[in-house]
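Okay, got some structures for you below.
After this come two complexes, each holding chain A, first together with chain B and then together with chain C.
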Partner chain A sequence: MKKVLLTVVLSLMIYTVAQAQDRGLEIAKAAENADLGFKSSVSTLKMVLKNRNGQVSERALEVSTLELVEDGDKSLIIFNSPKDVKGTSTLTYTHKQGADDQWLYLPSIKRVKRISSNNKSGPFVGSEFAYEDLSSQEVEKYTYKFLKADNHLLVVEQYPVDPKSGYTKRVVSYNKDAEYRIEKIEFYDRKNALLKTLTYSGYNLYKGKYWRASRLNMVNHQSHKETLLYFLNYDFDVHLTDDHFTQNALKRS
Partner chain B sequence: MQFGLIVILIVAFLSLGHAQEREGTNRSSHTLDLEIEMENRFFMEAPSFNGQNRYFPSVALRPTYTLEWEANDNSLNIEGFARVDVDEERTHFDFREFYYLKVSRNWELSIGLKKIFWGVTESNHLVDIINQTDAIESFDGEEKLGQPMLQFSINTKQGTFDFFYLPYHRKRTLPGEKGRFRFPVIINTNNVGYESAAKAWHQDVAMRYSNSFNSFDLGLSYFYGTGREPVIQFNSEAGIMAFYPIIHQVGLDLQITNNAFLWKLESIYRSSTLQKFIAFTAGLEYTISNINSSGIDIGLIGEYSFDERDALTLSALQNDVFLGSRIAFNDVQDTSILLGVICDLEKSSKIIGVEASRRIGSTIKLELEGRIFSSIAVNENFLSNFKNDSFIGLTILKYF
Partner chain C sequence: MNAFKKIRNSANKFAINWARFVIKNKWYVLIASIVLTIALGLQGTMKFDGDYHVFFSESNPELEAFDALQDKYTKDDNVILVLSPKNKNVFTRENLMAIEELTANAWNTPYSSRVDAITNFQHTSAEHDDLYVDDLSYDSKHKSETEIKAIRDIALKEPMLVNRIINKAGSVTAVNITVRLPGEDSAVEVPEVMTSVREMVEQFQQKHPQFEVHISGMVPLNTAFFEASMKDMGLTGIMLLIVIITTFLLTRSLQSTVATLLVVLFSIVSTVGFVGIMGIKLTPPSSVFPTMILTLAVADSIHILITMLQKMKKEGLDKYDALIESLRLNFMPVFITSLTTIIGFLTMNFGDVPPFWDLGNIVAFGMTMAFLFSTTTLPALVAILPFKKRGVKLISKNSGHTLDWYRGLSRLVIGSPIMVTLISFGLIGGLTYLSTKNSFNDEFINYFDTSVQFRSDTDYISENLTGVYNVEYSIGSGESGGINNPEYLKKLNEFEDWLYHQPEVVHVNAFSEVARRINKSMHGDDEGYYKIPETREEAAQYLLLYELSLPFGLDLNNQINVDKSESRVTVTVKNLDSPDMIAFAQRGEDWLKRNTPKAMHAIGVSPMLMFSKLGFRQADSMFKGNIVALLLISLVLMLALRNFKLGILSLIPNIAPVLVGFGIWALYKSQINTGMVIVFGMTLGIIVDDTVHFMSKFLRARREYGYGPERAVEYAFQTVGKALITTTVVLVSGFAVLSTSSFALNSYMARITLVIIIAALIIDFLLLPALLIITSSVKRTKKKYTSILYYR
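Moving on to the complex of A and B:
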């Protein structure tokens, strides 16, 4: 009898775990599907870095993205300030599986360098955003577990597939009333302690379909530093093609 | 000659600007930036030759101007450079770039003075041949003079093809009497010999094929024309002089990016009536990133350089190993340090180098540079002249 009960309990547990995994994956896919078809976009960003004493430092950048369906997106990031790095740019080909391809352009010596995309967990230009926080969010890069529904929020735990990730998990809150847009992400470090919280706000709807936040706030609970990322504008009518994401394009950025 | 080119370019620029005004309806945008540099170089040892100084304060300006029109498919790009230094020869002015660029879907065309970089390795730049080195600017050979060119570049599914027409040769800059990094006899920059009867106006051509597939980045290049690297010749009448032969050069550059490892190879075969030789640099770079979640990256670089030539070439890398480390703090001030040592495998000679930089506030940057020439062997034809030229330099850059 005990054995039977244990089997039932175990299989129920396995069933619920499997169900939670499926539900989590479903939500992530729903979020991805809701965002399909934007084709390409260009946005201008301001990044504000605050240290624990409240001292502030700013960066200006421009991000172009090309949506690809069969593989991950392509993106081009150009720095406009601080002035000593003006014209420095990166080109990234995200892959659904395996390492991303990444090139860096150094304008002072006109050199394009292929760089390793190994450094996922390192800080992006001294900010509280890690490289992996800003790279294209492909469903295949995580495994999932549905946690709970909280009114219109669906909370899903995500476990990075890549062992080089700086996180053991992310807890992502999706808004089911607004095309599964992300409202908040909590990041847990390798020791499974809460490291950072990212809050999305100032959402605007573009082309009647694509939600984009105008303000991202990343707070590091361990270092007490903070980075604010303002999306000053979004342009979905740029009609970019593969030709805008080549090494030649990187050089003339 | 150079002055004539500049005038032609300025006239071209003005006429373009005029054409722009008439069209009127197209949106155009332009940006102007200026960088002012104050450099202080102090040489640690007494000079080898009469007339050389020990302390070199200098000021440099780098204005850049970009004008874009017609949805940024057309642009005019100007990068000026001027330095005032204790050494009269190092006091110089140049347009690093002054070119018109036309971009159309998968091709682009550039006309004017431009800088082009080819290559993958860190300690040596063998394949890079389009631009002349502004040798008095820096010891590492990474400062270049603007090269007049017509460049056509096209992206295809099979890779990128670049074609260059290079109508005018620029002479390598060399230090004057007061300057360091020179030979006992001062080589007059303008007293040079050319193999071509057309002298600096020999019409050079070059092409390059490059492609990236998976973890491979490959470049194949060919250059025909007046070489950028002079051969030092002793002439009974003119004394010591720089001679520029006509060369053919085939180049290969390859990088394989595998996780934290970058495997690199550059190789050239150069032939002229004076010499035929091969040279290569091969090595790897390994980066340990975000050490203990500190954000700090430490890159370890090891490269080996081989050059078949021996006597009287302007190269110190014949059979040498470079070991270096690049430390990036990835902090708000972008602090970074590059340390390296070049060791000759046959002789005792070593060159130790340090480069560090850090931003202060948002518009100032500090740079520290040091080179130490250690145990330079007496039989080093080229390097032995620089054995007392160890220096430390501190530069303040202000951006407007």
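Moving on to the complex of A and C:
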């Protein structure tokens, strides 16, 4: 009798765990689906870095994204300031499986360099954003566990698949009333301590379907540094194609 | 009746009334003191603060400069684990695997923000137009022999690693864990980190017994401070035992011993309450307070008890009368010696080192309580406890031969006072000259003696791998993004080269090295390009590329500021003493002034430099405090003796012991630390007691009995000789206990105090009587009045 009871309890537990995993994955997929079909977009960004004393440093960027369905998105980032790096651009092919491909164009030597690195966890241009925070959020890059529903917010824990990730987990809050847009992400470091919180605000609805935040605020709780990312505009009518995302295009940008 | 006599009489009357009141209300007094002690004791907390920052006041300019640098880059402390494989070769598959595993585990250290090891070093290499940035040894398990050989060759040529993470021979390596403590409560955070690290290391050694592991760094330093505090607090037990034995030997009475013990315990418990109420966190210097209070407080009780017992035995008085008489004779001396001691300790507040403010205030409070309890609780207890009248002869037997000894001494001084004075002055002069030969040294590693694990581990590291001291410069470019300016980078490179040519330098971590390394990688690993990039754009864009390739925790934020207008140069140096350290940092500053534009001028900062300058800063600030102590204590002395001339004369036996102490120290160690700066004020308050007692007896003999100076000296010897030796024995044993501390700020302070106290006794027995005889040789009119100070 005891054994039976134990089996029942165990299987119930396993069932709940499996259910939480399924539910988490479901939500992540729903969020991805909600964003499907935007094809391509261009936006200009201002990045503001603050250290613990409130000293500020700014960077200006332009980001183009091309949506791909069978593999991860392609993106192109052009640096407009600081002056020394003006015209420097990066091209990234995100992959659903394995390491992303990345190239950098350096105008000072007029050459494209391929960055062969598995390191996606370092800070992006000295900011509190890691490269992995900014790259395309493919569903396959994480495993999931549904945590709780809090009014209109669905909270899901996500565990990175990449062993070189700087995180043990992210806790993502999706807004189920607004096409599963992300409201907040908490990042936990390798020792599972809260490292950073990213808050999305100033959401606008584009083309009646795509929610885009105009302000991203990343706060590092350990270093007390902060980075603000302002999306100054979004253009979904640029009709970019694969040709805009090649090494040659990188040189022209 | 003249005014002085009136005071004397009123003082006597006050003491007698006090004693009568206490005896009458003995139970109330006892209960009141127990209640007071418990009430205060309940407020007591023993919190320790091990953070090395406690040694620096908030306005300390070196601390401000260091904090400013840490605010610009990253504010962090570290734990360095040094691994020595038994096969003397780090580069084997097995060893690299173990190091990789330890590195991964090290990321789990609480508050860790970065882990640097040989395996996760971000090695840059180039192939055609591809730039590879990766861990030097990732997945070591699957590395072939040739790959491991290649890793070894790279590592032993890498300036970022050699003498920092690996030694030249490749036989000793380090895993450096950077932690960012929130700084809310170091009493919680520091042990949290250390417990985790110690557990990790223990597991590592069980699994990989081929490694010897040594642990050092700023967090272990803080832990060592913590542990030194606790250990020195543990000395209280030994001192308590000594107090019991000494009291028993001197009084030959169990009841007296119990009474004394209760008085000192009450004093300490109340003081613990004071520590709790004031919210003082204990540090190694202030954690010795119980031993100090024990040492200083026990003298009060002993004086009162011995007098009482002698009155009972020699004069056959009954207990209450003997007690009243003893209080009458001792109340003022005990009050005055307590007062001078309190003044001496309070002057520590003039210094610039907060732990000594705490020590001064805590002991001053403790002495106040000790005075209160010895004049209330002690007589109450004596009144309550049964004391039997015993035979009269018992004591005088053993004091027989000591009396001869005093007589011999007084004969020597009386026989040739000028000779004694000249020889004494000669010796004091010589030792004073020697005392100027002492130099400050606050190498904080050497605060701990070699019995402390932290010290031996740190010594191992400086002998086998890298230096443990450093100097940092934050070098500005004067403009945003200016660190990519080739002019700046070239100057920075020159500075780096110059530093490497200095004999003290073990390792230099400068941004110019990063710039050279990336430039090389951008040019197909061509050694010819291991130099500063040609243009600002190149440098900036290479840096952007490089920064995009670094993993979590291994970024350049600890080396360049957000604005990219300044970069940090960290110079690791050999073990230097404080003057050499200050001189070295200064040389670096001067080089920058001579060779670089104004924006690049910088001052050297580091914890070691802060400690190096601490002694000088403390000495400067204590100078004023010492003058105040000297003036106040001399004033108290003049008032007590009511004689201006003798007050001035007393300066000699009060100042000379300190000079003698430091002179002897010059022969012993010749290096002094911050802890010893306070001894002048502190010992002055203690040793002045000897002078007071001796002079007051001398005066009494002259004034009351109309003795000539020679006879008056003899009288002083006979009456206070034994008492002075008794208190000196207690003081010496107390400070001898402290001198066994493994922490040099405490042990050196105690050792020199020992020397000073003994010197004070010798001077008071030789030079002081000689001076009294010489200066009184002019015939004086006999005066009838005397000091308010009586002694037996």
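FYI, the second predicted complex is superposed on the first by the 252 of 253 C-alpha atoms of A that agree within 3 Å, B and C clash if a C-alpha of one lies under 4 Å from a C-alpha of the other, contacts with A are read in each partner's own complex, and residues count from 1 in each chain.
Convention: contacts are C-beta pairs under 8 Å (C-beta built on N, C-alpha and C of every residue); 3 or more make two chains touch, one makes a residue touch a chain.
Keep in mind that this is a model prediction, so the values were computed, not measured.
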Simultaneous placement of chain C and chain B on chain A, clash or fit
clash
Of chain B and chain C, which one contacts the greater number of residues in chain A?
C
Name the contact category of A:T246: first (chain B only), second (chain C only), both, or neither.
first
Please indicate which partner A:L104 is in contact with in the superposed arrangement: first for chain B, second for chain C, both, or neither.
second
Quick one: classify A:T90 as touching chain B (first), chain C (second), both or neither.
second
Considering only the touch criterion stated at the top, classify A:N51 as touching first (chain B), second (chain C), both, or neither.
both
Touched partner set for A:A178, first chain B, second chain C, both or neither
neither
Applying the document's definition of touch, where does A:P82 land relative to chain B and chain C: first, second, both, or neither?
both
Could you say whether A:I14 touches chain B, chain C, both of them, or neither, answering first, second, both or neither?
neither
Touching A:V161 in the superposition: chain B (first), chain C (second), both, neither?
neither
Which of 4-12, 202-210, 310-318 or 328-336 in chain B clashes with chain C after superposition?
328-336
In chain A, both chain B and chain C touch residues 49, 51, 57, 82-85, 109, 111-116, 118-119, 121-123, 125-126, 166, 189-190
Touching residues on chain B, where the partner in the complex is chain A:
33, 35, 75, 101, 103, 105-106, 108, 115-117, 119-120, 142, 144, 153, 155, 160, 210, 212, 215, 217, 255, 257, 259-262, 287, 289-290, 293, 295, 297, 330-334, 359, 362-363, 365, 397, 399-400
If we count contacts the way the header does, which residues on chain A are in touch with chain B in the complex?
49, 51, 57-58, 81-86, 99, 101, 109-116, 118-119, 121-123, 125-126, 166, 189-190, 241, 243, 246-248, 252
Across the complex, what residues on chain C touch chain A?
71-72, 74-75, 107-113, 122, 129-134, 180, 480-481, 484, 522, 535-542, 544-545, 547-557, 560-564
Residues of chain A defined as touching chain C within the complex:
49-53, 55-57, 79, 82-85, 88, 90, 102, 104, 106-109, 111-126, 130-131, 164-166, 189-191, 193, 222-223, 225
